[in-house]
Amino acid sequence: MFSFCTDPSTLETAQWFACYLTTGKHQLFYWSFLTVLALLAITAPTALAFGFGGAIAARSNIPPVAWFGKGYIAIVRGVPDIAFFLFFVIALDQGFEWLRHQMLCPDWSEPIRQGNDFLVCPSAKLPLSNAPQWIHEVYGFFLAVLTFAIVFGAFAANVLFGAMRAIPRGQLEAAESYGMTPRQTFWRIIVPQMWVYALPGLSNLWMVLIKATPLLFLLGVEDIVYWARELGGTALERFSDYPHPDWRLWYFLALLIFYLAFTRVSEAVLRRINARLTRGQATIGGT
Amino acid sequence: SHAEVVRMGTEGAYAPWNFLDDNGEVAGFERELGDELCARAELTCEWVTNEWDSIIPNLVSGNYDTIIAGMSITDERDEVIDFTQAYTPPDPSAYLATSMDADITGGVVAAQTGTIQAGYLAEQGVTVLEFATPEDTIAAVRNGEADAVLADQSFLAPFAAENADLVMLEELVSLGGGVGMGVRESDGELKAKMDAAIQSMKDDGTLNELITKWEVSSTW
Amino acid sequence: MSAPTPVIEIKDLHKSYGSLEVLKGVDVSAHKGDVISLIGSSGSGKSTLLRCCNLLEDSQDGDIIFCGDPVKWRGTGLARKPADRKQIMAMRTNLAMVFQQFNLWAHLTILQNVMEAPVTVLGHDKAEVEDRARKLLAKVGIGDKCDVYPAQMSGGQQQRAAIARALAMEPQALLFDEPTSALDPELEQEVVKVIKDLAAEGRTMLLVTHDMAMARDVSDQVIFLHQGKIEEAGPPAELFNNPKSERLRQFLSAVAA
Amino acid sequence: MTCWETVQAYAFRSIGYGERLLPREDFTLCQHFTLIGSGMIWNVYFGVLALLAGFFLANAVALAKASRHAWVSKPADWFILIFRGSPLFIQFFLAYFLFLELKQAGYLPWLTSAWAGALIVLFLNTAAYSAEIFYGAYQSVPRGEIEAADAYGMTGWKRFRRIIWPTQMRLAWPAYTNEAIFLFHATALVFFSGFPASRQQGDALYYANYFADKTFNPFVPYPILAFYFILLTLVVIGLFGLANRRLNRHLPVVPKIRYRPQILR
Amino acid sequence: MSAPTPVIEIKDLHKSYGSLEVLKGVDVSAHKGDVISLIGSSGSGKSTLLRCCNLLEDSQDGDIIFCGDPVKWRGTGLARKPADRKQIMAMRTNLAMVFQQFNLWAHLTILQNVMEAPVTVLGHDKAEVEDRARKLLAKVGIGDKCDVYPAQMSGGQQQRAAIARALAMEPQALLFDEPTSALDPELEQEVVKVIKDLAAEGRTMLLVTHDMAMARDVSDQVIFLHQGKIEEAGPPAELFNNPKSERLRQFLSAVAA
């Protein structure tokens, strides 16, 4: 990075650290912060949408739809995210490829499953095997977002489902008695009011989501904890210009500070949202 | 340029076989070996890192085309994937401890979770303490949680060389076979090309040069 | 000439909460422009009757006929439910209710509370409704509270907002559940005036009240409910001056005191 | 080996009884189910104990956070922030490091074992999350009911115990149920990244991982693991649902959805 | 002989919600056995006055003196808060309130609602309190609803439960916020009787009401609040027959109508 970094073994401490902290590997580490933040920024609304859909489905009057909604909530919510990540991404990826295969290669004669191998026609591969590396990474990122959203969507669905039921009955009766259709009651009375009841649960979910990002490496996305472990581990002279003993403690402490700060900021934002939402509510915390 | 792109899957966390250098690039013995093999087989190679636990499932699922990650050829693995011929002879396992008189039969020995070493120790009736990463196993020896760690000799040797407080015990254990490149069973064509390339490197001695350079095992 | 169809007709209505029978066969019939007051002691089932009338509660037996159109049922007894959603919707938009506990929507300001149903249910023009809503709120004396949330208002103010909300629907019939319970005599007079105006416009009203003066003043007919049954019914002059049943006489004696 | 023999050999393998060596061939479904189920003992152990202890601490911390005195509320705030604000991964790492230091200084050597060390981390972690949930619920208690308590001269503890706490629990329960589920799920991380497994005695994920490592087929052991966790979660939801029914016994039963589409007529 | 100390004395009380000044200097003084009625239009600050009196709301200026013991304050203006918690508690246990919105504890049955404060605050014997609570509930006519939760009761039943809850405290003074708003005339008479009995026992009462007949009937003094100020005060006979202020005359004209 810096011009004086040509021979690290000769550098004095400050310079050594300046060089050390700007190696290509560290830059990847810094990048991974952005990756994680981007992933959170995309996952949160997606998961919320999944949750909303799940809650609506679970409330549906049409039995199969309600079963689907309730099944989604019960099953996905029942599985630890880590267990889910260990096999679900591969299944998801194979699922997509299988669909594309059915569409793009109708006359493909060879079986897709050959022993242990999963083989679709080359044009159905996702991404195409000759696609540049960044497309592979974007696709991996997309799969990670989707998996996270499916998992956390189930929890969000549960929170929203409960919130919808927490609204005082009088409020719904008033709506009914003014001739609002169930649909109108839902969108005009339930949805605006449910946030008040849902927000604590959703805030908690957001916190859990932030804390789940270290599992990203299971999904093939190199996250900050992955890099901290990689960079903090003993660097031997043979393999690195910047040898050092096991420094993982320091890297993890740095991550701790990052996560704490991020949580604080999230809390401040959520508090403001909450203050806005509880307007008009006669509760201890309301105004 | 070469028409066909071959994606090479590795772990990037097992020096000297494969690791990430200061620039975050895959480096090590297998990086140099793989690049050379691709050149000889006239293929364009892309390097991908993948976490060890799912490295085989992702290969058979088609997310990359080879595994070149210090993987010993075992019967279990051979049932699921195919291996090229071995590019290194078996690398024996060794013990690393803080002193030469560490108790490796009655004491506690550390190993990485799910490795052949962990299985071997359990079989011997030794109290095995399993850690998630290789780094942890070495730390466990340092802080006294374990009397010794059992791992591949090539992995432990640099640690012993660079740390005064760590020593390699003399006892060696032969586990597993030689290391080869994993390919899908249906990918006979790639296997053949790589086999030929490895053979040519064996024949002209370049492979031995590489092995010596990186100290990954004995030579052919 | 046959009698015109009543706007609201209730025939032999039965309603239980679990094992507690609250309504035991009630008949009411209200024609266009009628104001019918329901009086009776606390717990006699007045609110329940209004709520059944609006189909907020399922009743177990009997008929509810709105403008000659009887509510269609499905199932019987405790499983009886209204069958036709369209019908219910149509009925409810023509039947506005003022709740005993007001039930203002907590997340909307007063103005929004009043505008909500006309805009979303009736699909009226927003600007026009807003105009009307502001006028209604001014009429009930809380024109300055348009942008306030229900929780920040006094009891009487909330009640007036609830009345304005019902009026904004311009329904054929209105159900008032103790609409002046939280109001001072002055405002009560205002509400009486409003009710009379509405009757003059030809709107039908069912009114639960504890205020006998008001019942006497505004109603065409007064119904005295006792333990889930109609004990006595008739024009106010007759009922108040000449109560026939013992129970009603006793009830009214308290007013005279 | 018949399946029954397998069960006999491995049902309690995770806590050190039965066959010493893990299966090394066949890897039948029966072996999968038995060993992974055996591992669940650890998940249940961690989850139940941490949840029970955490419940009490969480109530205390939530109460402290709501305190008007900064010297009470600030520490509670920090406690919640630290455990709720960092990934369990990092907490396990730092805690293990801390416990090692303690051990080397000669204190509490057993803390470096998962059964004690991980339990403590999980306990503090769930206490922090639950405390935040309870605090949030406290904030949503209807003001009118508190005012009535005030007006009748009910002070701090009595007012809390008799009026606020029951309402607060009712409001917190759905979110707390979620937290309990998260906690059981979090127990899967103990051996995955936190503490070493001794003598191949691990939790369900440890054994699922073992099988996946041997068969290279993630689609068998992990779904079995998922199956066990779904069972566990259903039990948790069931138990919490019973409590919820009790907490909500004062609310009139909401009638079932009233309208059915016309097609069903 | 000097005049005895009033039980409740309020001096020049000021209270604002944000920028909205609700009470603009109010003086009230109630001696032992006094019943003082607060009347006035909706939003004039009656409930707020009661709530300040019980220290549920912080007031910004003026004094509240209970049995000669002035409430101690900390800070001034919007930051003013009661300083001594012990004092507040002592005061509140001797001062029971019936809320305009009842505020029954939703998670307790009616019987538990009534027993709660005497048992936990006053530390009375449970069996004895239960006995008394059942009697009180029977007295207000809901003896059969002991084991029912508030949400399952009619408006008037809830209101009566709230009254019983206040009575169970056997306080020196009571604050009633429209205690008969949801009651029929018969029950209202019951409540009037209860109030008179309480006064005869020497208990002091502040009573917000919209019912002029009741105010006239039970009170020793009537206070007419208008826009946060006392417009007129005096014995009921005088105030109702001879209103001096224009505003009160207008207010009362509605009752006559």
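By written order: A, B, C, D and E. Residues from 1 in each chain.
The definition used in the following text is that a contact is a pair of C-beta atoms (placed from the backbone, for glycine too) under 8 Å apart; a residue touches a chain by one contact, two chains touch by 3 or more.
Everything numeric in this text was worked out from a predicted model, so none of it was measured.
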## Note on the structure
Ordered by label, the neighbours common to subunit A and subunit B are D
### Query
If you tally contacting C-beta pairs, which pair wins, A-D or A-C?
A-D
### Query
From subunit A, which chain is the farthest off, judged by mean CA positions?
E
#### Entry: Rounded Å distance between subunit B and subunit E, as computed from the means of their C-alpha atoms
83
### Centroid spacing, where centroids are CA-atom means, of subunit C and subunit E in whole angstrom
30
### Chain centre separation in whole Å, for subunit E relative to subunit A (CA means)
55
## Note on the structure
Touching at least 2 other chains, the residues of subunit E are 101, 152
### Message
Show the residues in subunit A shared as contacts by 2 or more other chains, in ascending order.
### Response
86, 90, 116, 196, 248, 281-282, 286
### Task
Provide the list of subunit B residues touching at least two other chains, using ranges where the numbers run on.
53-54, 57, 60, 80-81
### Query
Which residues, counting only subunit A, touch subunit D once they are in their complex?
59, 61-62, 74-75, 77-84, 86-87, 90-91, 116, 155, 158-159, 162, 165, 169, 182, 196-197, 200-201, 203-205, 207-208, 210-214, 225, 248-249, 252-253, 255-256, 259-260, 262-264, 281-286
### Query
What does subunit D use to touch subunit A in their complex?
81-82, 84-90, 93-94, 97, 129, 132-133, 136-144, 146, 174-175, 178-179, 181-182, 184-186, 188-189, 192, 205, 208, 212, 216-219, 222-223, 225-226, 229-234, 237, 252, 254, 257, 259-261
### Query
For subunit E, which residues are in contact with subunit C within the complex?
17, 39-43, 47, 100-101, 141-142, 152-157, 159-160, 178, 181-189, 210, 212, 250-252, 254-255, 257
### subunit B-touching residues of subunit D, taken from the complex the two chains share
20-22, 24, 100, 104, 112, 191-193, 196-200, 202, 206, 209-210, 212-218
#### Entry: Residue numbers on subunit A that touch subunit C, as the complex places them
168, 170-171, 173-181, 184, 188-189, 192-193, 196, 279-282, 286
